[in-house]
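Handing you a structure now.
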């Protein structure tokens, strides 16, 4: 099966290329870049030299469409919409890593991203690409909207708990911490080394777009949910750890049993018990999500850890394609 | 005024020495160390060479007592108790950085630290050394129990809000993140570079001793309080940032006015407004505490940042002595 | 082919386990540990849970010998010697990551490591396991002495240049910088986070044991060589970059041609040209060695970069086994 | 004495402001910024809030000239030239942190910086502001050219050795490593967190402008010198460590005696003996330069460490003003 990566020179594109090089059933057809077209990807990422020296092509979707069966879109939101329209229209399989098709509710998307959605008709075609929860819908689908990094870290542990009514849906506080690569590769004062090194701080308090995504998806589990979500910037390059505070009367064993029911046998979800704590170090460079629950009285704390670029983006994207193509979901990921 | 630092070779001792070298009204009488007695402190901390080459003395409190008017104790809890008894008994001024005298309730201390308190009679003499809140009691006192680093970051912003009844006392969630120096200088696998670098994780969930200290002090503001406190380990050397979640109907302006009422004119407390966010970078190496409040509906988020070794320990300890000695509280700190 | 890792819980052992899990022709027979025997390796390294949950066995070599065809020894020098004797004596294939068999000259070893060599008869059996230079000797050999991390970074680029007489052998200055993992996993003040973070310094000036190894091997290229080697400690976890200063009249093209002659077609050696500079980032997590040469007048600068735990240890060790077993040398490494 | 900082919002400007706030004999007249004029400096650097909330003025030198007696110029080279002309012409004292007046040889400057020098007549007025070596010339001077960060780390230890003929002037290799702040505050891909974190590499091999400055100044000690200088980028924010390789027959004691002769009694130079090694950690945040010498046969290694923003820039600049104004050279620096 031939796949192309559109926007291959950002951090998620780079991760996808490394994953694809290892995948036994996928072959890279084309890698594209707006800014580096004509250069080798190994000139942009010398780490790839000798492994992948493909010359980057431009983003002419008409041309690109003819070259591959499936496409990973690593484009900014808005730009992704247009590319999806073209590729999906030509019958291709599309895995979109942007936010453009994550919300089935057009108005919510337009409000959250303050922009018009130009392909609303495709919203109902898109499957929210969190494979452990919505994998069933992925089989046979042609358009996957890969979840945001923060939402992945919150939704995977919390969705089943709400769905099973094991916690108070009116009380969800997600305190999340992410590495700097989440801000992308474009240099800004905010992601420059000297401004970030030795620092730690919250940002976008009560205003981060991923809050809307978290609420939108969790509402599918328990109806109208409004979580408090606070992102923080960690002085490390990759990884997200979320500490989620819930109110619950259920014993820990019941929470863990609930997770087993939803995730038993899903290798990329690792449930930690007996007080073991998820840690970014243990998932960095992998597509695992580690999670654990802790309880005292009515207070339930759920901790999850992922690599924001893998389980939070490229790894989960490939996991989606594996399911859409009928492969083993962990193919090329473990 | 002559002061000695007992246990000068740990990180808090090192910070105290640097502060004392700059203080216009204090003179270092003696620096002590159990493990390095006989060596120069500048051999242990070459950064001090040319600034302070004093030879470290041992911890014989009888001898030490005769050398200075005031003493900073940077000893582990339990060891501190004994030293305090001797020094206080000889009429000295004692600033204890350990946990031994932070709780006026003996039983609570003994339960929390699973050890017998051998100087219970001094508990009522000890003043909880958070100068902005309890500075009045410090004037004339001879024994100050310097607050823990995490409690400082939580109590300073939250105490006034509870005291004024501006938030629901039954709902306090403090998600705190600290640099590695909080674990002390003794090498362990947990604070070794390769285990900590690029990592981030919570620890001691529902079991950290500082939770008891936070509850104990906040209860003085609002009666019986039980906060949820979760510490995390940041991959940086110094600084604590706490994100505290409260429920409140009070407008932001009222929260900020409340802080102004308690802290107006106190230079080491910096209240951030208009969406400005506290950040570890802005307080590292200083004795400031920066704090800000954010509100959406009934959810109130309070963020604070301190240097765990300064406002969270040595800086606050010196601030205590300044007040006990009748100096300006910021002397040698700004 | 069944392989065991003796001393699997150190950082090099951990890297070997991850490599072996990906190797198509090797099966893990046993993992051992002195200190953690009886525990699962995934309890020591939670990153492995779900990937390898083998229970660690002890270091009883008599028993271990019967379980596998080949053995990776990740033991301290001296301890390795004894294990090698047993395993080699029983006809097993042994890849020793310690220094015990790197020097064919017993006296030099004993002087450098101030200890008696208790298996001198095996020194002549041992092949210095730098596959690109001595791969020919590895085929059919049963004992490989994997080079030290620093020596690998210096010898690979410099050996051919000296061998071809393209630089003055009396003038070799290697300024090397290594990440903290080179110091091993045992916690010490020197590798604790707060002592290392934000710091950089040389150590063991004129006294590092790897200097003797570098001289010993380079002497095979040009007879009696005495290099100046200075190691430095970098505030990062993995990687070594060496900047080597030589005197040469040869044009750059000739240096690069010499490298092509020795390393052309060897995938793990990447020769950078046109001013491209090796960088730790580009080799971290891989078994590549990147190298480049720069010239001004008679001054030749050679820069190399490796991952100290992979090309500098476990990756190169597996590369040795691949050749000893007749596999493709990059099997499981790319 | 009233001083202004021109270009106060770069990292060197920020450091100067912090130093000036502590200086007993200097008062800040104005702080300027091209890009932030009209804002408070504490909006650009919140760390300063409550310490310095001055509103930034523009760079109109005619106006600025009338406000202060002395000026620190933290401008890019070329821009500095023009400002110096105006301020010096009006009889002000000028401390220029740029490269514009470091080289007394106009042609060399123009070649090195590929630009015309528009104030050549002032080159002979300018004193190279390395106070320990050229402090005598600073007394009474009105224009100081503060040395580059790398040159400071190399020249201070090496100049006396060459001057006294204790090492071979034809053989100087300086392998230098600097923190990221040396690259300035302007965001670029090269100084972004994710590109720098966990990385280490050399840059500008055989082409860095500081090589010309080093040669130019060292030539004053020993006539025509051509050093090999290689800068590297460290994954930390501040500090430079230089490892300099020389050939010498002089015993170590003679090297150390030579340093004592030049630097005895100069508090900011700390000579390490008995194998103690300079380390960035020990000088970060200070204006010290630590240095030590090591010898084996004819090989002499000199190691120095400074904070690139202080002894390598702002601290040394203030040290210059202290001498030009007749103050104690360490005033406000210790």
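List of remarks:
Going by the order they are written in, the chains are A, B, C and D; count residues from 1 in each one.
The rule we apply is simple: contacts are C-beta pairs under 8 Å (C-beta built on N, C-alpha and C of every residue); 3 or more make two chains touch, one makes a residue touch a chain.
Note that the coordinates shown come from a computational prediction; the quantities given were computed from them, not determined experimentally.
With A-B and B-C as the two chain pairs, more C-beta contacts join A-B. Where the sister copies chain A and chain D meet, the same residue numbers recur on both sides for over half of the interface positions. Between chain A and chain B, the centres computed from C-alpha atoms are 40 Å apart. Per-chain CA centroids place chain B at a distance of 46 Å from chain C.
Counting only residues that touch two or more partner chains, chain C has 197-198, 235-237, 279, 281.
Residues of chain C touching chain D in their complex: 173, 175, 177, 195, 197-203, 205-206, 228, 230, 232, 234-239, 241, 243, 245, 277-281, 284, 294-296, 299, 301, 303, 305.
Across the complex, chain C is touched by residues 46-47, 49-51, 198, 267, 270, 272, 276, 279, 281-283, 285-286, 288, 290, 334 of chain A. Residues 11, 180-181, 185, 187-189, 191-194, 196-198, 235-237 of chain D are the ones that touch chain A when the two sit in their complex.
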